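Letters A, B, C, D, E and F name the chains as they come in the text, with residue numbers starting at 1 for each one.
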Amino acid sequence: MTRPSNRAPNEMRRVSLERGVARYAEGSCLVKFGETHVIVTASVEERAPAWLRGSGKGWVTAEYSMLPRATHERTRREVTSGKPSGRTQEIQRLVGRSLRSVVDLKLLNERQITIDCDVIQADGGTRTASITGAWVALNDCVQWMLARQMIQSNPLKDHVAAVSCGIVGGAPVLDLDYAEDSSAETDANFVLTGSGGIVEVQGTAENAPFSEEELLSMLNLAKHGIAKLVDLQRMAVA
Amino acid sequence: MTRPSNRAPNEMRRVSLERGVARYAEGSCLVKFGETHVIVTASVEERAPAWLRGSGKGWVTAEYSMLPRATHERTRREVTSGKPSGRTQEIQRLVGRSLRSVVDLKLLNERQITIDCDVIQADGGTRTASITGAWVALNDCVQWMLARQMIQSNPLKDHVAAVSCGIVGGAPVLDLDYAEDSSAETDANFVLTGSGGIVEVQGTAENAPFSEEELLSMLNLAKHGIAKLVDLQRMAVA
Amino acid sequence: MTRPSNRAPNEMRRVSLERGVARYAEGSCLVKFGETHVIVTASVEERAPAWLRGSGKGWVTAEYSMLPRATHERTRREVTSGKPSGRTQEIQRLVGRSLRSVVDLKLLNERQITIDCDVIQADGGTRTASITGAWVALNDCVQWMLARQMIQSNPLKDHVAAVSCGIVGGAPVLDLDYAEDSSAETDANFVLTGSGGIVEVQGTAENAPFSEEELLSMLNLAKHGIAKLVDLQRMAVA
Amino acid sequence: MTRPSNRAPNEMRRVSLERGVARYAEGSCLVKFGETHVIVTASVEERAPAWLRGSGKGWVTAEYSMLPRATHERTRREVTSGKPSGRTQEIQRLVGRSLRSVVDLKLLNERQITIDCDVIQADGGTRTASITGAWVALNDCVQWMLARQMIQSNPLKDHVAAVSCGIVGGAPVLDLDYAEDSSAETDANFVLTGSGGIVEVQGTAENAPFSEEELLSMLNLAKHGIAKLVDLQRMAVA
Amino acid sequence: MTRPSNRAPNEMRRVSLERGVARYAEGSCLVKFGETHVIVTASVEERAPAWLRGSGKGWVTAEYSMLPRATHERTRREVTSGKPSGRTQEIQRLVGRSLRSVVDLKLLNERQITIDCDVIQADGGTRTASITGAWVALNDCVQWMLARQMIQSNPLKDHVAAVSCGIVGGAPVLDLDYAEDSSAETDANFVLTGSGGIVEVQGTAENAPFSEEELLSMLNLAKHGIAKLVDLQRMAVA
Amino acid sequence: MTRPSNRAPNEMRRVSLERGVARYAEGSCLVKFGETHVIVTASVEERAPAWLRGSGKGWVTAEYSMLPRATHERTRREVTSGKPSGRTQEIQRLVGRSLRSVVDLKLLNERQITIDCDVIQADGGTRTASITGAWVALNDCVQWMLARQMIQSNPLKDHVAAVSCGIVGGAPVLDLDYAEDSSAETDANFVLTGSGGIVEVQGTAENAPFSEEELLSMLNLAKHGIAKLVDLQRMAVA
């Protein structure tokens, strides 16, 4: 069984994390998983959402969008239909939850950090690339706040990164590109912390149900891939 | 560790599946998981979605809503804000995908079956109750179509049902009610077929990351619970 | 002239009013006019609308919706088009006005009671069933408030109930079901108080103008029917 | 009991109907009921609504709007909130129904006539003025079609006009202006044909229920007023 | 080269400015440029926009709309599509900017004046007619405020008026009507003050680029036309 | 008078035009005017807009958006408010018009080319950079179509480019950055063809009216700047 990209089953695409790509943002990262490219920025606002007023806690939220021609065929802008699609909302909820799992919200005080993930080019795995790059942007944002003494201690408790796995042609593989994603029997996204804890597992049978063994194979591939991503995050912010 | 409901960790709430509750629908089911009550209907339309025209295939889709006072506090109707929330869209996409995993869409021809899940009362687990009840409504709808010779063979290949699990107070438990759901460290939804294949796994760390062992404990609880739900589905349609 | 249901011209359908159907609401009623079934809930909020701030007065408002498959053919959810239809808005304004006509709003203080009417099954007369059931839900809500001493005196001054009449095949008849409603020459809705005062009359010629005599015949049928409905309300809350 | 305008209880405001006020429309009328001024136009489109395709029948529909400063205080444009208000929708449905009651839709073939009622100045009774003026615009539009032999026979079967009545200070009065409308105990709108048939009755208790006698008094005032309005329509189109 | 209207190249249409056409507004003007008729009103609100709170400055803003049958073919109401079109937004931004260029906003204190331009009939040049009439309505509104001592000094520093020019059949012409506007090679709108300063120039090549010479010819025509419009404004408010 | 950037009055920022930045688009260009960066793509669709069906002509249209953190302060995504702002609509209409002025639409046949301008970073002049870069993306798209013989002759008749000018501190300057744009007395955008024809002039007085002389000074600066931009376009596509 050969992968369209000739990668080994447990081989990720070339990943890069480039900081400081958005001149005006408190933190930013251009993350590339092969031909999937996402600009992630982190923006601090001195105002938490209404439902946190008086709680002393802050919030981290995320928004996600694709440029219309990030994809093979041009996609209609969501503003044209007046609302984000269900897919967009699922992704932005996932990115926000993933980041909050490694942030001590009390240490932010009543502030909000908004993570914007804008996909410049899409070849599969845009949500996992977004989460992985968002950690870098968020880290820079937090350092920016520490440097200005807006906060006293680092609210980032751990790394968090994400990767997709799938069952393609009967075999488990790591980090699907668009060609594999379209033909996969099963598609799963994993979000793990730097210390290996599971933050999110989302496995979906596309054509046929999958087994516990297949779930575990994919989880093991994900652990392997995410360990590499966390190393890259460490190097990026070193 | 006692559950608020005094149930054993692997004990589901009282489940009932009542057919024929909507006089005009081709299939319907009032599903109760304890105090969570959902009316599910199945409606046939002689028209598949535009992107299936000419393919000879049909479609199964789902919509989901809650009555404003299904919940402890009144919830604003989504029509008021002009669009379904992200949560609603996630759930209706999940219910649709789950049902399609056990339907041979070619046997429907170019027709659409719409599953409507309307939550009358909500005490946790509304999406898993919806999927479980939807299978019953869909089965009745398919029988109705067979009886009228609209279709020649049964497109339903298997049962499908769903249940939530969680890590509450450090221990894995089955079928969370609202009280447990609010305090769970981890919350996971499982959708399985009658033959035990996994259709969907969605595990989310709410307060702290979870481990592979915890994921497997929850999966085992889910297998146990879903086997019971499939038995109840069998009895309901017998 | 025989009615499709074989009822006498001045005979209502079987009506039932079942209290306490929504576990979390301050008041609730499942009202049935034959095959028309509506769940009505009453919810108190500790906040009057903005334009009443500082007035010391409260408000009673209503919302109305139908489950998509309440009807013979599936109806599109209104959230899909982003706004309530003209018909929905007319009905919710009518229900709100009808209830306010028997409530002393000053005795509520600056609170709002929201009446939600959700039609589970529709066979004609959903707005009149909604008003009739809403009075029961509102009464329970008010008793709940009195029991907690949120209010000192009962703001409900009288009963209010509603029924439709029509000219069908030239003859005035009471409480139209869907079959009659579709073929009526004239369709009229009456809302009356327990003491017989008229709160609302809405008569519409569907195919041909009607005469003063026909209007009066319908009003007399309505008085007869509403007297029965008020008796049923009295029994329900006794 | 004196009326604010010193009119007798059965006295209408000065009414005028001026034809041909919109250079490009097939029919138009500037209708004034005292200080209430409405521009009504009738526009033919060679296309009936989708649900009439193939039926051979046409349609008459109406839209209604107020200039923001038609009123004492500036009103927000409805486009700002993205949808017509409930009040606007009620009025445009009422105007459309009223006109259709005197049109033989088959004689229009599959065409639509749209009546636009734009309130330039509002002093109460904008909906009744709209209906009364709309008949004139519609009549001119129909004559325009007959002159071009688009239709062979006149589809207008009768006149239709409307007036409001109310119980103000305990007494029934005809054609309420804004000052009376704001203080009326009961407010009712009547739509009658030229031959005296009732097309629509809408009576609403604002502060206290009203009696059958009061309803009949208001109906008699309306008959009197509408007879005058129909005379004015006849003169306008003579 | 003859103009469709037989006007000389530097000849405007008949212009009239009628004050006081809206009984309830603080200022109003019915402006006619030939068959283009616009009702303009000015409304004071005791509240500046949120972003001016605390600045001590006021604001002047404008809204623009056309009656559906102002045009040869009926135009759909913008409320139907839920938002103002791009064209409408461009025009209302232009009208607002033009008026603010001659208002000392500090002298208004924290108040807003809203200019509503509603086109009753459209034959080209609706935006330039709107600006020209808006100055008259605004002037009356300001006098109304001075008379009530709401403001101490006149915030209107100068006149402002507007006219369109175009290159039609190779020749520069002043004040295009609809027939010319549809066939012009170039279309330009000029907004000038009473003292001849340029507030806005918007020149657009419709079919072929234009030259500096053509731009200057059009500017000279505009100066000529606007001087006449300012004279008419002076007479109107005298 | 020194410019904040120390540029000479007639000196543009460093401009670069990088082709082929979007792997899947038929044409693309990353255009930079100093710190203003815009990704422009050109996408062919085999379908002209509805109103061109049967005309044999094609269309070129444009859409424009900014990443939320392109700016100093984060800007809300327009999808959140459900519609593009007035500013966005003005810009996309301007970009579309500018490009169409140099395209022979008949040679496209019934196809549409959509130009997407997504601002990655904004430091003033995003609309002029968009137009300038769009010509390059459009040129590549047209070459792509010619290479595949989708069209027989080149529909691009000329270059088109744009630049802003302003009166800042009393002096005319070329190519304003954000700092100058915020303080300019007058702001003007010019769109010119390669052969020097004017496609669009938009001059706006921000604080004080401007004179004919100032308009001409700005036009001369614009001619100078656009000649350079056209040279850069020539080099980019050479």
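Keep this in mind: a residue touches a chain if its C-beta (ideal position, glycine included) is under 8 Å from a C-beta of that chain, and two chains touch if they have at least 3 such contacts.
Predicted model only: the values in this text are computed from it and were never measured.
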> Tell me, which chains sit next to both chain B and chain F?
Replying inline: A
> Steps needed, at minimum, to get from chain A to chain E via touching chains?
Replying inline: 2
> Same or different: do the copies chain E and chain F touch each other through matching residue numbers, with over half of them shared?
Replying inline: same
> Farthest from chain F in C-alpha centre terms, which chain would that be?
Replying inline: C
> Computing the C-alpha centre of each chain, which chain sits at the greatest distance from chain D?
Replying inline: A
>> Using mean CA coordinates as chain centres, what's the gap between chain B and chain C in Å?
In response: 33
> Using the average of all C-alpha atoms in each chain as its centre, how far is it in Å between chain A and chain D?
Replying inline: 59
>> With centres defined as the mean C-alpha position, give me the chain A-chain B separation in Å.
In response: 28
>> On a C-alpha centroid basis, what's the spacing between chain C and chain E, in Å?
In response: 51
> What are the residue numbers in chain A that touch two or more other chains?
Replying inline: 82-84
>> Which category does the touching pattern between chains fall into here: line, ring, star, complete, or other?
In response: ring
> Round the ring, starting at chain E and heading to chain F first, what is the chain order?
Replying inline: E, F, A, B, C, D
> What part of chain A is in contact with chain B in the complex they form?
Replying inline: 82-86, 89-90, 92-93, 97, 101, 188, 192-193, 195, 197-205, 208-212, 214-216, 219
> What residues of chain D sit close enough to touch chain E in their complex?
Replying inline: 22-25, 28, 35, 39, 41, 43, 45, 63, 65, 67-72, 74, 77-79, 82-84, 114, 116, 118, 120-121
